[in-house]
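For reference, chains read A, B, C and D in written order, and residue numbers begin at 1 within each chain.
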Amino acid sequence: MKALYFAWVRERIGLAEEEIAPPASVTTVAELMDWLKGRGENYAAAFANERTIRAALDRRHAKPDAPIAAAKEVAFFPPMTGG
Amino acid sequence: MKALYFAWVRERIGLAEEEIAPPASVTTVAELMDWLKGRGENYAAAFANERTIRAALDRRHAKPDAPIAAAKEVAFFPPMTGG
Amino acid sequence: MKILRLQKEPFTAAEIAPLTEGRSDIGALVTFTGLCRDEEGRLAALEIEHYPGMAEAEIERVVDEACRRWPLEGVLVIHRYGLIRPGEPIVLVATASKHRTEAFAAAQFLMDYLKTHAPFWKREHGPNGRVGDWVGAREEDEAAVRRWGG
Amino acid sequence: MKILRLQKEPFTAAEIAPLTEGRSDIGALVTFTGLCRDEEGRLAALEIEHYPGMAEAEIERVVDEACRRWPLEGVLVIHRYGLIRPGEPIVLVATASKHRTEAFAAAQFLMDYLKTHAPFWKREHGPNGRVGDWVGAREEDEAAVRRWGG
(Lines give C-alpha, C1' and ligand atoms only; values in the text may rest on other atoms or scores of the structure.)
Protein backbone atom coordinates (compact mmCIF):
# COMPACT_ATOMS: atom_id res chain seq x y z
CA MET A 1 0.00 0.00 0.00
CA LYS A 2 0.97 3.59 -0.52
CA ALA A 3 1.78 5.65 2.57
CA LEU A 4 1.67 9.46 2.59
CA TYR A 5 3.01 11.77 5.27
CA PHE A 6 2.18 15.45 5.77
CA ALA A 7 3.44 18.49 7.68
CA TRP A 8 5.74 17.61 10.61
CA VAL A 9 5.07 13.89 10.23
CA ARG A 10 6.55 14.16 6.74
CA GLU A 11 9.46 16.22 8.02
CA ARG A 12 10.33 13.88 10.88
CA ILE A 13 10.18 10.81 8.66
CA GLY A 14 11.99 12.61 5.86
CA LEU A 15 9.66 11.28 3.20
CA ALA A 16 6.46 12.56 1.58
CA GLU A 17 5.38 9.11 0.40
CA GLU A 18 6.52 5.53 0.04
CA GLU A 19 5.28 2.03 -0.73
CA ILE A 20 4.91 -0.08 2.40
CA ALA A 21 4.15 -3.77 2.82
CA PRO A 22 3.16 -4.46 6.42
CA PRO A 23 2.81 -8.11 7.43
CA ALA A 24 -0.65 -9.68 7.58
CA SER A 25 -0.59 -9.44 11.37
CA VAL A 26 -0.90 -5.64 11.07
CA THR A 27 -4.64 -5.14 10.69
CA THR A 28 -5.55 -1.71 12.09
CA VAL A 29 -4.37 1.89 11.78
CA ALA A 30 -2.95 1.74 15.33
CA GLU A 31 -1.05 -1.45 14.57
CA LEU A 32 0.29 0.09 11.39
CA MET A 33 1.62 3.05 13.37
CA ASP A 34 3.32 0.66 15.80
CA TRP A 35 4.83 -1.27 12.91
CA LEU A 36 6.08 1.93 11.24
CA LYS A 37 7.73 3.00 14.51
CA GLY A 38 9.98 -0.03 14.25
CA ARG A 39 11.34 1.07 10.89
CA GLY A 40 13.81 3.58 12.32
CA GLU A 41 14.43 6.48 14.61
CA ASN A 42 12.83 8.94 12.22
CA TYR A 43 9.58 6.94 12.27
CA ALA A 44 9.82 6.54 16.04
CA ALA A 45 10.17 10.32 16.38
CA ALA A 46 7.25 10.99 14.04
CA PHE A 47 4.91 8.59 15.84
CA ALA A 48 6.25 9.21 19.37
CA ASN A 49 2.98 10.70 20.52
CA GLU A 50 0.35 8.70 18.68
CA ARG A 51 -2.50 10.76 20.11
CA THR A 52 -1.35 13.77 18.11
CA ILE A 53 -1.35 11.84 14.82
CA ARG A 54 -4.38 11.60 12.57
CA ALA A 55 -4.80 9.02 9.84
CA ALA A 56 -6.75 8.63 6.64
CA LEU A 57 -7.50 5.51 4.61
CA ASP A 58 -8.16 6.06 0.93
CA ARG A 59 -8.60 9.78 1.61
CA ARG A 60 -11.14 9.41 4.42
CA HIS A 61 -10.44 10.07 8.09
CA ALA A 62 -9.84 6.82 9.95
CA LYS A 63 -9.84 6.00 13.66
CA PRO A 64 -6.96 4.02 15.25
CA ASP A 65 -9.09 0.86 15.30
CA ALA A 66 -10.09 1.11 11.61
CA PRO A 67 -9.10 -2.01 9.61
CA ILE A 68 -6.54 -1.30 6.92
CA ALA A 69 -7.18 -4.45 4.89
CA ALA A 70 -8.92 -2.96 1.88
CA ALA A 71 -7.02 0.35 1.74
CA LYS A 72 -4.75 1.22 -1.18
CA GLU A 73 -3.57 4.49 0.38
CA VAL A 74 -2.88 5.40 4.00
CA ALA A 75 -1.90 8.85 5.23
CA PHE A 76 -0.57 10.13 8.54
CA PHE A 77 -0.60 13.78 9.61
CA PRO A 78 -0.94 16.17 12.55
CA PRO A 79 -4.30 17.64 13.58
CA MET A 80 -5.50 19.89 10.79
CA THR A 81 -5.14 23.65 10.88
CA GLY A 82 -6.82 24.86 7.71
CA GLY A 83 -9.47 27.50 7.24
CA MET B 1 -44.88 68.42 20.03
CA LYS B 2 -44.47 66.87 16.63
CA ALA B 3 -46.12 63.51 16.03
CA LEU B 4 -45.02 61.17 13.24
CA TYR B 5 -46.83 58.09 12.00
CA PHE B 6 -45.40 55.26 9.89
CA ALA B 7 -46.59 52.32 7.80
CA TRP B 8 -50.18 51.23 8.55
CA VAL B 9 -50.44 53.61 11.51
CA ARG B 10 -49.85 56.44 9.05
CA GLU B 11 -52.35 54.98 6.58
CA ARG B 12 -55.11 54.48 9.13
CA ILE B 13 -54.72 57.96 10.56
CA GLY B 14 -54.32 59.43 7.08
CA LEU B 15 -51.42 61.66 8.12
CA ALA B 16 -47.64 61.27 8.09
CA GLU B 17 -47.09 63.98 10.67
CA GLU B 18 -48.82 66.71 12.62
CA GLU B 19 -48.36 69.08 15.53
CA ILE B 20 -50.16 67.92 18.65
CA ALA B 21 -50.73 69.65 21.98
CA PRO B 22 -51.90 67.10 24.53
CA PRO B 23 -53.14 68.49 27.88
CA ALA B 24 -50.77 68.43 30.87
CA SER B 25 -52.66 65.44 32.29
CA VAL B 26 -51.21 63.28 29.47
CA THR B 27 -47.80 62.31 30.83
CA THR B 28 -46.83 58.93 29.33
CA VAL B 29 -46.67 57.30 25.91
CA ALA B 30 -49.65 55.08 26.82
CA GLU B 31 -51.70 58.07 27.93
CA LEU B 32 -50.80 59.87 24.73
CA MET B 33 -52.10 56.94 22.69
CA ASP B 34 -55.36 57.01 24.66
CA TRP B 35 -55.67 60.73 24.10
CA LEU B 36 -55.01 60.36 20.37
CA LYS B 37 -57.71 57.67 20.13
CA GLY B 38 -60.23 60.29 21.16
CA ARG B 39 -59.39 62.49 18.19
CA GLY B 40 -61.48 60.55 15.70
CA GLU B 41 -62.37 57.20 14.19
CA ASN B 42 -59.19 57.12 12.12
CA TYR B 43 -57.07 57.44 15.28
CA ALA B 44 -59.25 54.92 17.10
CA ALA B 45 -58.69 52.47 14.24
CA ALA B 46 -54.94 53.06 14.20
CA PHE B 47 -54.57 52.55 17.95
CA ALA B 48 -57.28 49.88 18.33
CA ASN B 49 -54.75 47.27 19.39
CA GLU B 50 -52.19 49.17 21.42
CA ARG B 51 -50.02 46.11 21.95
CA THR B 52 -49.14 46.10 18.24
CA ILE B 53 -48.01 49.74 18.29
CA ARG B 54 -44.44 50.79 19.01
CA ALA B 55 -43.42 54.32 19.97
CA ALA B 56 -40.30 56.45 19.86
CA LEU B 57 -39.52 59.68 21.70
CA ASP B 58 -36.98 61.92 20.02
CA ARG B 59 -35.95 59.03 17.77
CA ARG B 60 -35.37 56.51 20.54
CA HIS B 61 -37.59 53.53 21.28
CA ALA B 62 -39.90 54.26 24.21
CA LYS B 63 -41.99 51.96 26.42
CA PRO B 64 -45.70 52.71 27.12
CA ASP B 65 -44.83 54.03 30.59
CA ALA B 66 -42.11 56.41 29.32
CA PRO B 67 -42.75 60.06 30.30
CA ILE B 68 -43.32 62.31 27.29
CA ALA B 69 -42.62 65.59 29.09
CA ALA B 70 -39.25 66.48 27.57
CA ALA B 71 -39.87 65.09 24.08
CA LYS B 72 -40.06 67.31 21.03
CA GLU B 73 -40.94 64.47 18.65
CA VAL B 74 -43.05 61.38 19.18
CA ALA B 75 -43.54 58.62 16.63
CA PHE B 76 -45.95 55.69 16.43
CA PHE B 77 -45.48 52.69 14.18
CA PRO B 78 -46.03 48.93 13.84
CA PRO B 79 -43.39 46.40 14.89
CA MET B 80 -40.40 46.83 12.61
CA THR B 81 -39.74 44.56 9.66
CA GLY B 82 -36.46 45.75 8.22
CA GLY B 83 -33.32 43.84 7.38
CA MET C 1 -13.56 51.38 10.68
CA LYS C 2 -17.31 51.97 10.81
CA ILE C 3 -19.34 52.36 7.62
CA LEU C 4 -23.07 53.01 8.15
CA ARG C 5 -25.26 54.00 5.25
CA LEU C 6 -28.91 54.36 4.31
CA GLN C 7 -29.61 54.50 0.58
CA LYS C 8 -32.18 53.97 -2.16
CA GLU C 9 -29.70 52.52 -4.65
CA PRO C 10 -28.63 48.88 -4.90
CA PHE C 11 -25.13 47.93 -3.74
CA THR C 12 -22.70 45.09 -4.37
CA ALA C 13 -20.38 42.92 -2.29
CA ALA C 14 -17.53 45.25 -3.31
CA GLU C 15 -18.74 47.68 -0.61
CA ILE C 16 -16.92 45.63 2.02
CA ALA C 17 -13.46 46.18 0.50
CA PRO C 18 -12.58 49.23 2.68
CA LEU C 19 -12.99 47.14 5.86
CA THR C 20 -9.93 45.02 5.14
CA GLU C 21 -7.95 47.14 2.67
CA GLY C 22 -4.40 47.73 3.85
CA ARG C 23 -5.05 45.75 7.02
CA SER C 24 -3.08 42.72 8.15
CA ASP C 25 -4.55 42.34 11.63
CA ILE C 26 -7.95 41.01 10.57
CA GLY C 27 -8.37 37.24 10.54
CA ALA C 28 -12.10 36.94 9.97
CA LEU C 29 -14.64 38.80 7.89
CA VAL C 30 -18.31 37.81 7.98
CA THR C 31 -20.92 39.33 5.71
CA PHE C 32 -24.67 39.00 5.61
CA THR C 33 -26.70 40.09 2.60
CA GLY C 34 -30.48 40.16 2.82
CA LEU C 35 -32.10 39.82 -0.59
CA CYS C 36 -35.58 40.42 -1.93
CA ARG C 37 -37.37 37.15 -2.75
CA ASP C 38 -40.18 36.99 -5.30
CA GLU C 39 -42.17 34.47 -3.19
CA GLU C 40 -42.87 32.24 -6.20
CA GLY C 41 -44.00 35.17 -8.32
CA ARG C 42 -46.43 36.56 -5.71
CA LEU C 43 -44.13 39.57 -5.23
CA ALA C 44 -43.18 42.13 -7.87
CA ALA C 45 -41.35 44.44 -5.45
CA LEU C 46 -40.83 45.26 -1.79
CA GLU C 47 -41.45 48.80 -0.65
CA ILE C 48 -39.45 49.79 2.40
CA GLU C 49 -40.60 52.75 4.43
CA HIS C 50 -38.23 54.15 7.02
CA TYR C 51 -38.10 56.80 9.74
CA PRO C 52 -35.41 59.24 8.51
CA GLY C 53 -33.20 60.35 11.34
CA MET C 54 -34.18 57.56 13.69
CA ALA C 55 -33.13 54.81 11.26
CA GLU C 56 -29.58 56.18 11.14
CA ALA C 57 -29.52 56.75 14.91
CA GLU C 58 -30.79 53.27 15.70
CA ILE C 59 -28.32 51.59 13.34
CA GLU C 60 -25.54 53.51 15.04
CA ARG C 61 -26.76 52.48 18.50
CA VAL C 62 -26.94 48.81 17.49
CA VAL C 63 -23.46 48.95 15.95
CA ASP C 64 -22.04 50.66 19.05
CA GLU C 65 -23.54 47.92 21.22
CA ALA C 66 -21.95 45.25 18.99
CA CYS C 67 -18.59 47.00 19.36
CA ARG C 68 -18.99 46.96 23.15
CA ARG C 69 -19.76 43.23 23.14
CA TRP C 70 -17.10 41.96 20.73
CA PRO C 71 -13.59 43.11 19.76
CA LEU C 72 -14.38 44.23 16.22
CA GLU C 73 -11.83 45.71 13.82
CA GLY C 74 -14.52 46.93 11.44
CA VAL C 75 -18.29 47.06 10.94
CA LEU C 76 -20.39 47.91 7.92
CA VAL C 77 -24.16 48.33 7.69
CA ILE C 78 -25.89 49.41 4.50
CA HIS C 79 -29.70 49.39 4.50
CA ARG C 80 -31.87 50.33 1.55
CA TYR C 81 -35.29 51.95 1.46
CA GLY C 82 -37.76 52.62 -1.32
CA LEU C 83 -38.75 50.12 -4.00
CA ILE C 84 -36.68 46.94 -4.20
CA ARG C 85 -37.04 44.33 -6.93
CA PRO C 86 -36.73 40.54 -6.43
CA GLY C 87 -33.11 39.45 -6.51
CA GLU C 88 -31.87 42.85 -5.35
CA PRO C 89 -30.09 43.29 -2.03
CA ILE C 90 -31.91 44.98 0.87
CA VAL C 91 -29.31 45.01 3.61
CA LEU C 92 -25.60 44.32 3.93
CA VAL C 93 -23.88 43.74 7.25
CA ALA C 94 -20.17 43.00 7.60
CA THR C 95 -18.06 42.41 10.68
CA ALA C 96 -14.28 42.11 10.83
CA SER C 97 -12.41 40.65 13.78
CA LYS C 98 -9.26 38.72 14.68
CA HIS C 99 -11.17 35.45 15.05
CA ARG C 100 -14.23 33.97 13.43
CA THR C 101 -16.36 33.33 16.53
CA GLU C 102 -16.60 37.04 17.33
CA ALA C 103 -17.22 38.07 13.71
CA PHE C 104 -20.04 35.52 13.33
CA ALA C 105 -21.65 36.43 16.64
CA ALA C 106 -21.53 40.17 15.95
CA ALA C 107 -23.01 39.78 12.46
CA GLN C 108 -25.90 37.72 13.80
CA PHE C 109 -26.44 40.14 16.67
CA LEU C 110 -26.55 43.07 14.24
CA MET C 111 -29.06 41.35 11.97
CA ASP C 112 -31.28 40.25 14.86
CA TYR C 113 -31.34 43.79 16.23
CA LEU C 114 -31.76 45.53 12.88
CA LYS C 115 -34.75 43.30 12.07
CA THR C 116 -36.53 44.13 15.30
CA HIS C 117 -35.21 47.57 16.32
CA ALA C 118 -34.36 49.60 13.22
CA PRO C 119 -37.39 51.61 12.04
CA PHE C 120 -38.05 50.05 8.64
CA TRP C 121 -41.35 48.61 7.43
CA LYS C 122 -41.82 46.38 4.42
CA ARG C 123 -44.84 46.28 2.17
CA GLU C 124 -45.35 43.82 -0.67
CA HIS C 125 -46.23 44.94 -4.16
CA GLY C 126 -47.87 42.23 -6.23
CA PRO C 127 -47.91 41.68 -9.98
CA ASN C 128 -49.91 44.26 -11.99
CA GLY C 129 -48.94 47.02 -9.62
CA ARG C 130 -51.27 45.85 -6.83
CA VAL C 131 -50.07 47.29 -3.52
CA GLY C 132 -50.34 44.53 -0.96
CA ASP C 133 -50.15 44.23 2.78
CA TRP C 134 -47.54 45.41 5.22
CA VAL C 135 -45.30 42.52 6.18
CA GLY C 136 -46.02 41.35 9.73
CA ALA C 137 -43.26 40.99 12.30
CA ARG C 138 -42.11 37.36 12.63
CA GLU C 139 -42.20 35.70 16.04
CA GLU C 140 -38.91 33.97 15.08
CA ASP C 141 -37.25 37.38 14.81
CA GLU C 142 -38.55 38.43 18.23
CA ALA C 143 -37.25 35.16 19.68
CA ALA C 144 -33.89 35.52 17.92
CA VAL C 145 -33.22 38.92 19.44
CA ARG C 146 -34.14 37.78 22.95
CA ARG C 147 -31.18 35.38 23.05
CA TRP C 148 -28.80 38.34 23.28
CA GLY C 149 -30.40 39.54 26.54
CA GLY C 150 -30.68 43.20 27.43
CA MET D 1 -25.39 25.67 -6.92
CA LYS D 2 -22.21 24.22 -5.45
CA ILE D 3 -18.83 25.84 -6.09
CA LEU D 4 -15.87 24.06 -4.48
CA ARG D 5 -12.34 25.04 -5.36
CA LEU D 6 -8.78 24.57 -4.21
CA GLN D 7 -6.28 27.09 -5.57
CA LYS D 8 -2.93 28.78 -5.07
CA GLU D 9 -4.10 32.17 -6.30
CA PRO D 10 -5.81 34.86 -4.21
CA PHE D 11 -9.51 35.47 -4.75
CA THR D 12 -11.94 38.34 -4.16
CA ALA D 13 -15.46 38.70 -2.78
CA ALA D 14 -16.67 38.82 -6.39
CA GLU D 15 -16.40 34.99 -6.44
CA ILE D 16 -19.76 34.76 -4.67
CA ALA D 17 -21.71 36.47 -7.48
CA PRO D 18 -22.72 33.23 -9.27
CA LEU D 19 -24.52 32.00 -6.12
CA THR D 20 -27.25 34.63 -6.40
CA GLU D 21 -27.08 35.70 -10.05
CA GLY D 22 -30.44 35.39 -11.77
CA ARG D 23 -32.02 34.02 -8.57
CA SER D 24 -35.00 35.56 -6.82
CA ASP D 25 -35.64 32.79 -4.30
CA ILE D 26 -32.65 33.52 -2.04
CA GLY D 27 -33.30 35.73 0.97
CA ALA D 28 -30.03 35.36 2.84
CA LEU D 29 -26.39 35.12 1.83
CA VAL D 30 -23.68 34.69 4.46
CA THR D 31 -19.99 34.77 3.65
CA PHE D 32 -16.94 34.06 5.75
CA THR D 33 -13.47 35.12 4.64
CA GLY D 34 -10.46 33.89 6.59
CA LEU D 35 -7.50 36.24 6.18
CA CYS D 36 -3.79 35.95 6.90
CA ARG D 37 -2.75 38.08 9.90
CA ASP D 38 0.80 39.32 10.33
CA GLU D 39 0.72 38.76 14.12
CA GLU D 40 2.24 42.16 14.86
CA GLY D 41 4.99 41.67 12.29
CA ARG D 42 6.02 38.23 13.58
CA LEU D 43 4.68 36.65 10.41
CA ALA D 44 5.90 37.32 6.85
CA ALA D 45 3.79 34.60 5.26
CA LEU D 46 1.74 31.51 5.96
CA GLU D 47 2.58 28.33 4.09
CA ILE D 48 -0.34 25.98 3.66
CA GLU D 49 0.33 22.35 2.91
CA HIS D 50 -2.57 20.17 1.80
CA TYR D 51 -3.36 16.59 0.91
CA PRO D 52 -4.30 16.74 -2.78
CA GLY D 53 -7.26 14.53 -3.53
CA MET D 54 -8.35 14.21 0.08
CA ALA D 55 -8.71 17.99 0.58
CA GLU D 56 -11.20 18.17 -2.29
CA ALA D 57 -13.00 15.02 -1.12
CA GLU D 58 -13.25 16.21 2.48
CA ILE D 59 -14.54 19.66 1.47
CA GLU D 60 -17.19 17.96 -0.63
CA ARG D 61 -18.21 15.68 2.25
CA VAL D 62 -18.50 18.61 4.66
CA VAL D 63 -20.55 20.60 2.13
CA ASP D 64 -22.84 17.62 1.48
CA GLU D 65 -23.40 17.25 5.22
CA ALA D 66 -24.28 20.97 5.47
CA CYS D 67 -26.77 20.53 2.62
CA ARG D 68 -28.37 17.62 4.49
CA ARG D 69 -28.70 19.67 7.67
CA TRP D 70 -30.01 22.95 6.23
CA PRO D 71 -32.11 23.89 3.19
CA LEU D 72 -29.38 25.65 1.23
CA GLU D 73 -29.87 27.21 -2.19
CA GLY D 74 -26.15 27.56 -2.78
CA VAL D 75 -22.76 26.85 -1.21
CA LEU D 76 -19.29 28.04 -2.08
CA VAL D 77 -15.96 26.97 -0.60
CA ILE D 78 -12.64 28.24 -1.93
CA HIS D 79 -9.53 27.23 0.00
CA ARG D 80 -6.02 28.29 -0.90
CA TYR D 81 -2.73 26.46 -0.43
CA GLY D 82 0.90 27.50 -0.90
CA LEU D 83 2.38 30.75 0.32
CA ILE D 84 -0.05 33.38 1.59
CA ARG D 85 0.93 36.94 2.55
CA PRO D 86 -0.55 38.94 5.44
CA GLY D 87 -3.77 40.62 4.40
CA GLU D 88 -4.48 38.01 1.75
CA PRO D 89 -7.51 35.72 1.96
CA ILE D 90 -7.04 32.05 2.85
CA VAL D 91 -10.54 30.67 2.70
CA LEU D 92 -13.94 31.84 1.49
CA VAL D 93 -17.17 30.16 2.50
CA ALA D 94 -20.58 31.33 1.34
CA THR D 95 -24.04 29.94 2.05
CA ALA D 96 -27.30 31.00 0.44
CA SER D 97 -30.70 30.17 1.88
CA LYS D 98 -34.25 31.49 2.12
CA HIS D 99 -33.74 32.72 5.69
CA ARG D 100 -30.79 34.01 7.64
CA THR D 101 -30.77 31.53 10.52
CA GLU D 102 -30.00 28.62 8.21
CA ALA D 103 -27.39 30.52 6.19
CA PHE D 104 -25.55 31.63 9.35
CA ALA D 105 -25.65 28.17 10.92
CA ALA D 106 -24.43 26.44 7.75
CA ALA D 107 -21.55 28.90 7.27
CA GLN D 108 -20.39 28.38 10.86
CA PHE D 109 -20.75 24.62 10.55
CA LEU D 110 -18.68 24.62 7.36
CA MET D 111 -15.91 26.70 8.93
CA ASP D 112 -15.83 24.63 12.12
CA TYR D 113 -15.55 21.43 10.09
CA LEU D 114 -13.07 22.76 7.54
CA LYS D 115 -10.78 23.93 10.37
CA THR D 116 -10.71 20.52 12.03
CA HIS D 117 -11.42 18.03 9.23
CA ALA D 118 -10.04 19.34 5.94
CA PRO D 119 -6.42 18.20 5.44
CA PHE D 120 -4.58 21.52 5.48
CA TRP D 121 -1.63 22.42 7.69
CA LYS D 122 -0.31 25.91 8.31
CA ARG D 123 3.29 26.85 8.90
CA GLU D 124 4.49 30.33 9.79
CA HIS D 125 7.27 32.04 7.87
CA GLY D 126 8.98 34.80 9.84
CA PRO D 127 10.75 37.93 8.65
CA ASN D 128 14.09 37.33 6.85
CA GLY D 129 12.78 34.12 5.29
CA ARG D 130 13.02 32.13 8.52
CA VAL D 131 10.73 29.10 8.29
CA GLY D 132 8.95 28.79 11.61
CA ASP D 133 6.81 26.20 13.36
CA TRP D 134 3.75 24.37 12.23
CA VAL D 135 0.68 26.01 13.69
CA GLY D 136 -0.84 23.88 16.45
CA ALA D 137 -4.50 22.92 16.46
CA ARG D 138 -6.57 25.17 18.73
CA GLU D 139 -8.64 23.61 21.49
CA GLU D 140 -11.32 26.26 20.71
CA ASP D 141 -11.65 24.83 17.21
CA GLU D 142 -12.05 21.29 18.54
CA ALA D 143 -14.67 22.53 20.98
CA ALA D 144 -16.47 24.51 18.27
CA VAL D 145 -16.90 21.49 16.04
CA ARG D 146 -18.22 19.31 18.87
CA ARG D 147 -21.32 21.48 19.24
CA TRP D 148 -22.63 20.15 15.92
CA GLY D 149 -22.69 16.55 17.21
CA GLY D 150 -21.93 13.49 15.07
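As a convention for this text, contacts are C-beta pairs under 8 Å (C-beta built on N, C-alpha and C of every residue); 3 or more make two chains touch, one makes a residue touch a chain.
Remember, predicted model here, so these are calculated numbers, not experimental data.
Taken together, subunit A and subunit C share the touching chains D. In a view that ignores subunit D, the other chains are joined by touching into A | B, C.
Between the Cα centres of subunit C and subunit D there is a gap of 23 Å. Centres computed as Cα averages put subunit A at a distance of 71 Å from subunit B. Counting only residues that touch two or more partner chains, subunit C has 34, 111.
Residue positions of subunit B in touch with at least two other chains are not found.
Every pair of chains meeting the touch criterion is listed here: A-D, B-C, C-D. Partner subunit D is touched in their complex by these residues of subunit C: 13-14, 16-17, 20, 22-38, 40, 86-87, 98, 100-101, 103-104, 107-108, 111, 140, 144. Residues 4, 6-8, 56, 59-61, 75, 77-83 of subunit B are the ones that touch subunit C when the two sit in their complex. By the touch criterion given at the top, residues 34, 48-51, 53-54, 57-58, 79, 90-91, 111, 114-123, 134-138 of subunit C touch subunit B in their complex.
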